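Two complexes, one shared chain (chain A), two partners (chain B, chain C).
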Partner chain A sequence: MLADLASGFAALLNPMVIGFAFIGLLGGIIVGGLPGLTATMAVAVLAPFTFTMAPLVGLPFLLGVYKGAIYAGSIPAILINTPGTAAAAATAADGNAMARSGKARLALEISLYASVIADLIATMVLIAVAAPLATIAVSVGSAEFTLLYAIALTMVAAVSGDDMLKGLIATTAGILVAVVGLDPMSGAQRFTFGTTALLGGISLIPLLIGMFALSEILIRAEDALSTRPAATVKDMPKGTSISLGGLRRLMPTILRSTGIGTALGSLPGLGAEIACWVSYGVAKRMSKSPDRFGKGAPEGVAAAEAGNNAVCPAALIPMTVFGIPGDTITAVLLGAFMAQGLMPGPLMFSRDAETIYALFAFLIVSNVMLLFLGLWAVRHMQHIVSIPNALLYPSVAAFCFAGAYAVNNATFDIAIMLAGGLLGYLLRKTHLPIAPFVIGILLAPGLENALRQTLTVSRGSLSAFVDKPSALALLLVLLAILAVFTVRGLRPASSPPSQNQQRGTEK
Partner chain B sequence: MTLKHVLSGATLTLAAALPAAAQDVTFDEPIRFVTPYPPGGSHSLHAGIITTAAEPHFGQSLISVIRAGGGGAVGATEVANSPADGTVLLFGDPTINSLRPQVEELAYGTDSFVPVARINYSPAIFVARSDAPFATMEEMVAYAEGNPGDLVYSSDNLNGWTYTIFELLKARTGAEMTGVEYGGGGPAIARLLGGETMAYAGDISVVGEHIASGDLVALCVTDTARIEALPDVLTCPEAGYDVVFQFWRGVLAPAGTPDEVVAALSDGFETLMADEGFLRLIGRIGSSIQFADHEAFAELLSAEIDAMGAVAELVGATQ
Partner chain C sequence: MDDRPTSHDKAKARDLAVGVAAMALAFAALLTIPSQVSSNAYQSFGNIRSPAFFPVIASGLLGVFSTLLVIRSRKMAGTDRKDPGGFLPSRRVVVVAIMFAAAGAAMTVLGFLATAFALIIGLSAAFGARNYATVIALAIAVPAAIHLLFRSVLSVLLPSGILF
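Take a look at the complex of A and B:
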């Protein structure tokens, strides 16, 4: 295998390969950095152009776009509290709080290092144990998926702030929004009011753009009316770079989140959007000072970013080994592989070993490229925070509209974005946390599908959750988590509730 | 009565009505080619190749538009309500164009479109896990009859292609089997390989690799002719089961599109289908071309719509 990998590296020593990969990464960073332009969309739009390229030019290009976009989603999340991709939503809370206290550069660098380290480790895992890991991933059945979704849902507790009740209200609202559309099993229409536009459900990306970006603009506009302009560039401390010691302190968090992201990413269907929240929630729970989370904890940024970037290589595991795409973006990549005459599946490793190992080698090389591109980008982009709000936010608003429309080419999605903006504004004003709402939307469809599939297979018997050892183990984990919550909840609060973490209350 | 019988039986439904005068039609603006499914599936893959290679054959670029939602119903509805001038086309299939409008209440009907061109079609292959207690079609049905409901199979989507194939088999044999809809070919095959289900019926692009690797056993092909890649696998009629259902991919325009525009589009697709670069790309994704022009496609489609109506009644799914 090492020899295969070595010849893979040799195959990359071609200016065309590196050149196109560079363009792909840079393009991905731009796309991921603009709210509303998603990695999936970029890869889907660009995939046909690669059909006529050589496999080792076209595929690194697309993989570059994919990785660049997933990484760059964190940039606007940190700088303007507007995640560029849904996977960066968990980064916004702490990243933006850091940026506001003059640590934009530090936050951006933590995000970059966490992303690169996580991606590198997950790539090693992909190369070393793809086949056995994929075998485990494929044997994970509906019952285990149901329990995994339920466990992920408990992350709501970690991101609900001080008031659990408000967190649960927001979660339930998110679940209700996710229910709109066609019933996945019976095809019945739910809350569509007879309109075709709602048949496909509430589009997630436009809604999130509205909830994060537009509501942020509304809050800013209000701030500008009611308060004096905050610190200007000159008042801000000069952005400091991350120190080696600082990075070392973050390593446990990064490694743990990488493990979570790799495990979740290798399961078909659980994407970066979910991994970032789970990593964030676990990091907060493991932290000695959990109340710093949401107020600019570097661990929060590191956890979320390591979690979502580890998913990238991990999602390639079921795709390359079984030809099973883990999410939409790997489904598009699967198509691009096929258009190159590479049929992902059990036989690809013996048939196209040369190309596959060259691509694996590229995944490693691309991390080095991303690191340098990222460091260069961070140096310049930290200054975005010092652009006057009167210029910055109107431009962001324009991107909100363009991005919401571009996701599905649907005018109705602009209405969803606007509604999301109002909803986000109301949530912030009433101090209902947004994060549980988003988690509800993200997890409810998967949980519903998995639960109903489980019960169909077992023909209504709940024994499916205890019969299989793996399901039973997950069930015990879930019960343990709930038990811990219950015990903690019954204990009287030891400290007075600190200030609500949601934006809008901090002035 | 199989679908094929119906197809050959029904003739001249629409064929007489369309005098082609395609020469003078030109397109002033880019043509939007709407795929009603999310990116990544075989539909969007075909659409990507078609729109990449199309421009020289239409004198205008084709823009690939992905409009997913409602299992295809959202994109189809949007095209049905688009201007009927040939500038918006639907990349359709039997699910959204002939089956679902007859069994579900959708905002469009089978008559909301006029057929432009069929690109290709493929049969499904019934497969079982290699460790399943059956290795032939007959054994599978016998197992289902002996253990009512215990045979659990994967399917993609309610009223989708793989779903309907099993419904057809159940209606023909009266055997009880339990289907689980996983929302797509990827998860459906994953759960089959993982052992949660025992059988599936899918496109060769989804099941072929796993048949070759020995994880799955091919039972029969839902066509009247065997397929080249698997010459030893019986057709379902050969195996004794009258289950024939081909999945076609075709281009449709909103109803009311002028005949000469439809004919011009059909001509454009005909020359595209002979384009060497296009065929090379199509070959790479393991697909092939079985072109039918607008007249032939119209005949095939109207026969299929009738057949699907009959299937729906057989399965008892009419509204």
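Take a look at the complex of A and C:
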């Protein structure tokens, strides 16, 4: 593994790779720092740019966008009390209170250092865990894979929204969309309605651009966008810097939150948005003075930021090892991997070892880059966060049209993007979660192949799912998840949907 | 007595609408499977090799879940839920959606540069931008930058038409 990692570092010694990764990180920081532009939207819109690049140039660029955006969501949260991404919602609670009391720079630096430390540790966990897990996963049979897909889909359906039943509807609707095209076993056409453009299935990236970017613009069109952010950001990032002693005092909080973010991020459905609140809640509960939380406690900023940034590398564990994306942003990344000819899953560690370890090496290197770019952002982002959305969204829309067309040079893809935009808007308005729908589309081919392969081998008998102890164990896990969530999930939500869900905000 | 619909009524109506729409999609899929997937889909149900095997399961599950949602929305308890938000889109959303559709249609006729220029001006106006000089500068600069990036740097084609 260490030799592979060393060759991964060697592969990064290419000005193109580092140059595009730098641009990606910087772009991610700018996008994440702009309230209203989400990390998922950025990755979806920018993915088509990478298709003509080599995988080792394009994928670090997209991973840079992802990491930069998740980190930078904290900047407007601290400066203007408006999280740049949903994952930074908990940061606003204490970060903005610190900024209002003249400690904006301290809050921004705590956010940066907590993010970098958490990301680095979680990356180490990813590197240590992924290859051994992939070795085990290679020997996993189709019955176990069927159940793994079912567990992932059930988890995502159960926890992505407030309502499991709607999550299940979104999942099955996504699966139904994914069967459009040619049957992988017989080659027969399915739901193509005689349209040649549908023979290859629904084009994924244009659909995702529509669902995440165009639908966000439609949702935001309900607001009066010409208004500037409520709080002034002029001269905010001043004040004292964090000392080494101050950082040392925050380390227990950062390490604990990193553990929480890594654990939650590696499970399907539990993304950075949940990790930041859980980390924040645990930090508050374990604090000797919990009453300071919400009033400018540095531990609150550190906990939330370490929690949400640890999710980034952790979410890549199920994606790279099993090909199962845990949330919407890794779902978009999975689509980008596939467009580059890489098929995430256990075999990727033997077939494309050089690429995957180069990406792991990049994740480590990107933390150093993030540290320097973050220090720049601390000083200069206050000018960028105040750009009016009324000028941003029209520019994003132009990128969407160019990106959707560029995937296959097909006008039909623009139609798919427009349909995706309308569908995404309707899903958000009706509180149907988007994550299960998208992950349903992505996992359906694997689920279908694994299920049909299992039943072919067992001659149609369902005993294949209980014969092997590993399959039986996974079946019991699936049943336990279903049992736990069914009682709660089949009831209507007892609490109102979260603010982010009402607005349909993605991280 | 106030006869206006409560937030609970709105949530109930919304869930009912979602359930009925999903149910319609499931039944439409099940009805079109014989013509769009396999003519003997239902006679040979359970045949793993049939291309209809998986679509039938997916449509069936969607039908079951949507039926459960419809039943649940009919039996929803009377506990009031906080405002679930309106369902109908605002006029600006409709205008923006029409602009998107028009841009999609015009893209291959007028070309990317001209369409993106018009789209940016239209959307900026719809979103309430009043600094016209900035908007026009943006409408020229952004499509030009995208064109330069896609065509010259990445060698990727953009829609071309009678203008550009």
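The definition used in the following text is that the second predicted complex is superposed on the first by the 272 of 507 C-alpha atoms of A that agree within 3 Å, B and C clash if a C-alpha of one lies under 4 Å from a C-alpha of the other, contacts with A are read in each partner's own complex, and residues count from 1 in each chain.
In this text, contacts are C-beta pairs under 8 Å (C-beta built on N, C-alpha and C of every residue); 3 or more make two chains touch, one makes a residue touch a chain.
Here the structure is a predicted model, which is why all the values come from computation and not from measurement.
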Q. Which partner does A:Ala47 contact after superposing on A: first (chain B), second (chain C), both, neither?
A. first
Q.
Looking at A:Ser186, would you say it contacts chain B, chain C, both, or neither? Reply first, second, both or neither.
A. both
Q: Name the contact category of A:Thr123: first (chain B only), second (chain C only), both, or neither.
A: neither
Q: Would you sort A:Asn408 into first (chain B), second (chain C), both or neither based on which partner it touches?
A: first
Q. Is A:Thr146 contacted by the first partner chain B, the second partner chain C, both or neither?
A. neither
Q.
For A:Leu391 in the superposed arrangement: first (chain B), second (chain C), both or neither?
A. second
Q: Report for A:Thr456: first if it touches chain B alone, second if chain C alone, otherwise both or neither.
A: both
Q: Quick one: classify A:Phe399 as touching chain B (first), chain C (second), both or neither.
A: second
**Q.** Broader residue contact with chain A after superposition on the shared chain, chain B or chain C
**A.** C
Q) Residue overlap on chain A between the chain B contact set and the chain C contact set? A) 48-49, 51-52, 185-186, 409, 456
Q. If you look only at chain B, which of its residues touch chain A in the complex?
A. 38-41, 44-45, 48-49, 51-52, 64-71, 73-74, 77-78, 104, 107, 149, 152, 158-159, 178-183, 186-187, 189-191, 193-197, 205-206, 209-210, 212-213, 215, 277, 281, 284-286
Q | chain C contact footprint on chain A (complex, rising order) | A | 48-49, 51-53, 165-166, 168-169, 172-173, 175-176, 179, 183, 185-186, 188-193, 214, 217-218, 221-222, 224-226, 388-391, 393-395, 397-399, 401-402, 405-406, 409, 411, 414-415, 417-418, 421-422, 425, 429-432, 444, 448, 451-452, 455-456, 460, 490-494, 496-497, 502
Q: Spell out the part of chain A that touches chain B in their complex, as residue ranges.
A: 40, 43-44, 47-49, 51-52, 138-142, 181-182, 184-187, 196-197, 199-201, 268-269, 318, 322-325, 328-332, 334-335, 338-341, 343, 345-347, 408-410, 449, 453, 456-457, 459
Q) Of all residues in chain C, which touch chain A in the complex? A) 11, 14-15, 17-19, 22, 25-26, 29, 32, 36-38, 46, 48-55, 58-59, 61-62, 65-66, 68-69, 72, 76-77, 79, 81-85, 87, 89-90, 92-93, 95-97, 100-101, 103-104, 107-108, 112, 115-116, 119-124, 126-130, 134-135, 138-139, 142-143, 146, 149-150, 154-159
